[in-house]
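In this document, chain identifiers A, B, C and D correspond to the written order of the chains, with residue numbering beginning at 1 in each.
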Amino acid sequence: MTSTETLALKDVLAAGDRLAAESARFAGLGWMRGTSGNLSEVVSRDPLRLAVTASGLDKGELRASDIAVVDGAGAAVAVDGLTSLRPSAEAGLHARVAAVTGADAVVHVHSLNAVVAGHHWPEGVRLRDLEMLKGIGRRAHDDEVVVPVIPNSQDMAELGDRFEDAYEQGTPAVIVASHGLYAWGSDLTHARHVTECLDWLLGYTVATAR
Amino acid sequence: MTSTETLALKDVLAAGDRLAAESARFAGLGWMRGTSGNLSEVVSRDPLRLAVTASGLDKGELRASDIAVVDGAGAAVAVDGLTSLRPSAEAGLHARVAAVTGADAVVHVHSLNAVVAGHHWPEGVRLRDLEMLKGIGRRAHDDEVVVPVIPNSQDMAELGDRFEDAYEQGTPAVIVASHGLYAWGSDLTHARHVTECLDWLLGYTVATAR
Amino acid sequence: MTSTETLALKDVLAAGDRLAAESARFAGLGWMRGTSGNLSEVVSRDPLRLAVTASGLDKGELRASDIAVVDGAGAAVAVDGLTSLRPSAEAGLHARVAAVTGADAVVHVHSLNAVVAGHHWPEGVRLRDLEMLKGIGRRAHDDEVVVPVIPNSQDMAELGDRFEDAYEQGTPAVIVASHGLYAWGSDLTHARHVTECLDWLLGYTVATAR
Amino acid sequence: MTSTETLALKDVLAAGDRLAAESARFAGLGWMRGTSGNLSEVVSRDPLRLAVTASGLDKGELRASDIAVVDGAGAAVAVDGLTSLRPSAEAGLHARVAAVTGADAVVHVHSLNAVVAGHHWPEGVRLRDLEMLKGIGRRAHDDEVVVPVIPNSQDMAELGDRFEDAYEQGTPAVIVASHGLYAWGSDLTHARHVTECLDWLLGYTVATAR
């Protein structure tokens, strides 16, 4: 771990507080079953640092301090006064998403609609001419959106490369096949909205297929 | 903005309080994902003025003041003491519904059942011989109800014309295809009941089709 | 209205309190949309008197006094100190169920699973070899249960006759086609349990059909 | 009943408190309809003793003392200061699971997804290449998991034998056909996580079949 003098404990804990509240919300929707999923907020851009929910804990019961701070590679970074918890392996993908997209908040949940849609359309899920597309920053008409679907991997560098290859600016999400959804936004509330709207869009698409 | 001397701030805020509570309720049902949907109450009939939930905010977390007051064309109207927020573009359709139907409360939600039903039956959703029809003011027997489905548009005048063409007195709702449901009632509680019953009826119709 | 000297106001309000709490619970499950459904408790057997939730109110927001007391024909009966509300027309069927079955609590909800099952199996819904049948007082093996389905009617005498014709002792429920579920038990908690288990059984049966 | 001097009342009640809270949580998910399902914690290993939720009570409203303590055969054991309630007949299977698997907490719920999956795949439900498998202690790739499905029985010795025949180390659950799910873990929180993830996995498998 490299020490990072620049991060104020109180800013990190404020992020942890928001991440805990948002995790409890998503857990209540059934999108973070068991200890699955993880959320992050960028707490510093230069160097890139993210507060990310700790691994192995119930996402409905997190406290503000149940976080780790990671660098751009997803490795834990010490913060004065914070008892560092083990970051999820997936922290590396959060950092990659934040670096590539410029998003300041990243949501990773195991939305059933997302995984079912990824199963049906492994080449990407086409969404078009739906008002709800405005909720992910797209147009409601004549704007074809393809949510990329990438194969799952336990190697975050590999998964990050797949994400970066599949990423198209303007589509704030990617489905990891047989796994879950990554979605992002300018802050955690925005990322929540994108996630909720995507779940609706994917559920609609599954419900009206065939 | 034209100034409207006739509206008492406290009446407008009382409406805002009801709209916020109702929005939180619908958000909890998953019908106002992201910042989608909007609710309104008529606060004056002559001239027509509506309090409508503000655009771009989380519908589960509105405060009483998170509203705009609009005229019959959906344009914002100043109210003394109220910091006017941006009304949703859809406020124009709310006003049109209130003017045409006489309803004093209008609900617009992104009910999945409504959009799926609109996808299956773009000519209108036929409902007949179901007890729940009494919940939308119709008879449980021998009364054919067709919930109109109109094509989506971003132009509220156009959407309003489509609504008005499709509107039949006695059917307190319209589905906007690929978008959501509009429903209305004599007050916000009544509009809630109509909305809930329609969602049930549309869900039942989808579940029993074929 | 005939006056009934024998009913103590406090017993009637205690029933009203239980009915209000139970209604709110069922409303939360989506089984009492709008103002639909009604619950009752027998408050006197000789003569038969039931406290029944009042008509036209939101079932998630009832107070203890939002009840009517009815006789064996479903007609309102005055109780000293109680402002009588309009009983649901369906109160007559509640009274009939209580008289015929001996149950002291009757639940009528618009469970979607029940109405969908009634649509698929208008001759009655067969349930067999399911552990959950114990929750409605039947055996988990080698015991064929048929939940009767009767045609809907707005005439409670007619509906009561249909119920009585279809009723078999040991099956604590009937589906009214295109309408909802009636279920009953020895008290309101028991009726709740029967209702919950039936909804599960009917949902399972729909989900595994074909 | 044999008296057990070794169990401290406070430890048993602490277990009861956790079991009550967890039951209420599962009841809220619709997995313990009526009075169905039961949860247990091992409170002593030598001799084997489990605190198990009492039979016949609403699982959303248990108090800490609404438990029985049972031995390895599921028979009630007296504990000084505890008014013993009737253990569920299924307590015998809980004890058997705890003895065979070494798990210190056992969950039995009537998850609809589990019973539907058991209906479709009576030879066992195959799960493979899904990230969520990590939530039940398995690998996300190249690891074929078969959740055993055993026929239902009211004889707990017989059901226990079926469980033991079907049990494979590393698969922390079994489906009892036409009945429900048993899942277990090192403590009650772990068993919760396993249960939640299995429900997701089984729901996914049903949703994507065919």
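In the analysis below, a contact is a pair of C-beta atoms (placed from the backbone, for glycine too) under 8 Å apart; a residue touches a chain by one contact, two chains touch by 3 or more.
Predicted model only: the values in this text are computed from it and were never measured.
> Taking all residue numbers at the chain C to chain D contact, is the shared part over half or under half, that is, same or different?
Chain C and chain D contact each other through largely non-matching residue numbers.
> Looking at CA centres, what chain is most distant from chain D?
B
> Write the angle of the rotation needed to overlay chain B on chain C, where the fit uses Cα atoms and the result is rounded to the nearest 5°.
My answer is 90 degrees for the C-alpha fit.
> I'd like the Å distance between the centres of chain A and chain D, where a centre is the mean of that chain's Cα atoms.
So the centroids are 32 Å from each other.
> Based only on mean CA positions, could you tell me how far chain B sits from chain D in angstrom?
Taking the mean C-alpha position of each chain, the two centres sit 46 Å apart.
> Can you list the chain D residues in contact with two or more other chains?
none
> Once you've mapped the touching chain pairs, tell me: line, ring, star, complete or other?
Topology of touching chains reads as a ring, each chain with two neighbours.
> Can you list every touching chain pair?
A-B, A-D, B-C, C-D
> Can you check the complex and tell me which residues of chain C touch chain B?
30, 33-36, 58, 110, 112, 115-116, 119-120, 152, 154, 176, 178-180
> Flag every residue of chain D that touches chain A in the complex, lowest number first.
Residues 129-132, 134-135, 140-141, 189, 192-194, 196-197, 199-200, 203-204, 207-208.
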